[in-house]
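Structure record follows, encoded as structure tokens.
Lettered A, B and C in written order, each chain numbered from 1.
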Amino acid sequence: MPLVSAALLAIACGQAHAQSSVTIFGVADIGYVHTSANGTAGSVSRSQLASDGNTSSRLGFRGTEDLRGGMKAGFWLEGALAIDQPGSLTLQRRSTVELSGSFGEVRLGRDYVPTFTNLTVAYHPFGTNGVGNAGQLFYPVAAGGTTSSTHVRSNNGINYFSPNVAGYQANVMYAFGEHLSNEGATKQNDTYVGGRVSYANGPLNLSAATGKTKFATGDYTQSNFAANYQLGAAKLMYLWGENKVGVTKTTSNLVGVQYKVSGTGEVRAAYTDLKAVGVANDATQMTVGYVHNLSKRTALYTNYSVVDNKGTGKQFVVGGGDKTTVAGGNTTGYEFGVRHSF
Amino acid sequence: MPLVSAALLAIACGQAHAQSSVTIFGVADIGYVHTSANGTAGSVSRSQLASDGNTSSRLGFRGTEDLRGGMKAGFWLEGALAIDQPGSLTLQRRSTVELSGSFGEVRLGRDYVPTFTNLTVAYHPFGTNGVGNAGQLFYPVAAGGTTSSTHVRSNNGINYFSPNVAGYQANVMYAFGEHLSNEGATKQNDTYVGGRVSYANGPLNLSAATGKTKFATGDYTQSNFAANYQLGAAKLMYLWGENKVGVTKTTSNLVGVQYKVSGTGEVRAAYTDLKAVGVANDATQMTVGYVHNLSKRTALYTNYSVVDNKGTGKQFVVGGGDKTTVAGGNTTGYEFGVRHSF
Amino acid sequence: MPLVSAALLAIACGQAHAQSSVTIFGVADIGYVHTSANGTAGSVSRSQLASDGNTSSRLGFRGTEDLRGGMKAGFWLEGALAIDQPGSLTLQRRSTVELSGSFGEVRLGRDYVPTFTNLTVAYHPFGTNGVGNAGQLFYPVAAGGTTSSTHVRSNNGINYFSPNVAGYQANVMYAFGEHLSNEGATKQNDTYVGGRVSYANGPLNLSAATGKTKFATGDYTQSNFAANYQLGAAKLMYLWGENKVGVTKTTSNLVGVQYKVSGTGEVRAAYTDLKAVGVANDATQMTVGYVHNLSKRTALYTNYSVVDNKGTGKQFVVGGGDKTTVAGGNTTGYEFGVRHSF
């Protein structure tokens, strides 16, 4: 058995790692989804294979470098995958250069806006995935000519994360709209500013965030507040969210739980109530689900969700797969799938 | 010379591999291709650099994970490359999540249909590459409004492969069309079901497959049967294939050989006869080629092929490069190139 | 502390590297850019985050294999990145298969044309990046229906590089236009031929290149000559370039310097004078900049540039970010950013 020198090790491990330690990572999540709707035009359903019932599928490349004085530089390039019907690899999930140190971290490029963090699976039982995903009742409804492109991420952003101080952590982001100075009414379109503050103390987590994007047709403002408490095996969750698009508004309140069972499983449940002003309609969503971990990296899951539209707008539907043409009335969805991380 | 601990090893080899062993793989194949045609409008030719004369160029990412009880989970993401005039990396060659074990393997996502296996280089002297590629006379001809999108792969598929039992192996695939239940005549469009059974016993290989895709304008059905026999340095090959598109039909019979010479080379030859009913025209194709392996991963190759169209349809051409505008009559092509696998 | 065998090492380092040593590499460069113009329609400005102020952002995959007799085979796949507003990963920076040995190197596919080498940062103080990039006054101006697609790279190319012999090195490239032989006047469009010869002797570097692309609307010819001399910490640079598009012509002369300071920094300055015949207008560009290396892989940078258009054409602008709508008159730009290589 020969001994191996560090030099030989570097050669054996390949030039890429010796140079720069690029990490390839990702998630591949796919399952069966059935959605149905009872609308004014009768009832309709669809059976699909669809991606992302548990976690958003992705392929990414990232790395960091130690600089002098405890500083680090890094990059992060990440694109979404549609495992069921793949297309181009488009690096729009995240594309940043980072500098970090004792002052915190600055990221330049395309990244999540601060308010999105409160809609992830750390603060919402299902995060923004599957039939019960947070996007259904916590994302904005287009109104008055304004369709938000910044409720999840923004291009052209300067994103600052503070260090964690006694449980407090802050995040502030500014993004350029990049219009010409003489463009007129739309010259500030897409300009974004937002922030988030969180506090963690033992079993308790609190997080509040807000952000505004300028649009000549009516600004878009998103605000939310999340609180959760770990009570034994149960993580009790509360989430409030508000989207203002021009003069319209939707406000949602969620109560939910993630409950660990038998070492490898997690039961999830959520109930959301949405009130709409000047757009769409009131609605509620109820979702239950179960995640069974086969390993740290692989899980089976199943979810069931119902959206009940109040009034005549009939605007909201369950998530999962191709939602656009399952329109109107109350909608129901269920799914079972497999999520593999790498 | 320092000794290296397993922990240090993991650090030195990079986070990606310690976490998940992502394998990057691919093929880069490019060469010179000359095609010419003698048609009703005179003769025409074209000189090109083109990809894929020997093997389809690709870039892919894959990995597997051992689960409990002999099970494995895995993912496979693979896109085509055009080395000569590259475009977006589009992961449409294969995009699947897999679960495997003693029961066989299930793949979910976009994958090859079972019938395609019988057109690969294991069953056709040239596979589906280069001037003599199987696609020319074994792929369907669009007819009656139906253009097949499933004669190679299908989106939204559940693909099952049995274990090998005494030389027998089976493959069954179902793919969702994903239309709304009230869509009308086209609601089953793109729904695919197919299967393949193969038998291997020493020098003998047999493989039969069939598959059907629903289309309101006329279903598409592909069937084929392959037999080959290893006789010393020669692999003798027979392939039958039939494509029904609506009420039309093309049927092809091939005899061919792959003959190993001098340890590093392989001579290939194929003769195909196609009969057409209700579409296109009868045709024959004759191809000879040679592959010279510079190593396990790199080869030089050359191919020569002639397609002879019978009757007035003049529909079929040799493969290789940009075929679409070399139309009509009999066509001839030759190429020489280099294929590098990684 | 256990000892590690070579076999265990191969397993630990992952299948990809054991098989084929694929190297993942790239650059992520992003910064703040402000551009302004004083034109006939008044003055206008724009603030942006933009990529590539110092070096073109990219993600690539490459590898080589040793063959018998000192030969090597390899592949190179590289796509551009827009860190600020990412899109599809499109492998159009370079896509080649290579064979190399004592005879030199042959690359097949999409690659840089020989004349482009003389516009890179080895021969121009700022290369083709940032507000002062060489592309502004050294790239062709579209005229008479001809818009060059080959002043940086060409598809479908055969690119030969000689070995270095006593300081002399040569590069010749031919690229196929790939049109049908009976296409008429445009049948040679996009056909490219070009070459470059360089000589290096101690502090002195000389490089001359020329290339022509056929277009029915008027051929495009680019020629350039670069000379630079390392004088202590200063690299003194001279560059001449000429673009003929049909009957029009632009000719540029640059003097510049790259001056190393304090071990980690480099001051850069350039002055370019452009003369135009039959198209656009005469112009000058003056740029100064500074690069501060935080490490071998990471640098901060800042640049300032002014383009002064003579006459009424007002055609030229500083580089950096979204230039297309900052039109007319004299333009000014400044930027500061971070470049991270991996």
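Everything that follows uses one rule, which is that a contact is a pair of C-beta atoms (placed from the backbone, for glycine too) under 8 Å apart; a residue touches a chain by one contact, two chains touch by 3 or more.
The model shown is predicted, which means the values in this text are computed figures rather than measured ones.
K.L.:
Working from the CA atoms, figure out how many degrees chain A turns to land on chain B, in steps of 5.
P.N.:
Answer in degrees: 120, to the nearest 5.
K.L.:
Chain C and chain A are one sequence twice: same or different residues at the contact, by the over-half rule?
P.N.:
Result for this pair: different.
K.L.:
Just the number, please: Cα centre separation of chain A and chain C in whole Å.
P.N.:
Here chain A and chain C have centroids separated by 38 Å.
K.L.:
Residue numbers in chain B touching 2 or more other chains?
P.N.:
In chain B, 3-4, 9, 13, 16-17, 22, 24, 88-89 touch at least two other chains.
K.L.:
How about chain C: which of its residues touch chain B in the complex?
P.N.:
1-4, 9, 12-17, 19-20, 22, 24, 61, 63, 65, 67-68, 71, 73-75, 77, 79, 88-92, 95-97, 99, 108-110, 155-158, 175-176, 178-182
K.L.:
Provide the residue numbers of chain C that touch chain A in the complex, in ascending order.
P.N.:
Per the stated touch rule, the residues are 3-6, 9-10, 13, 16-17, 21-26, 28-31, 42, 44-49, 59, 81-89, 294-295, 297-298, 321-322, 325-326, 337-338, 340-342.
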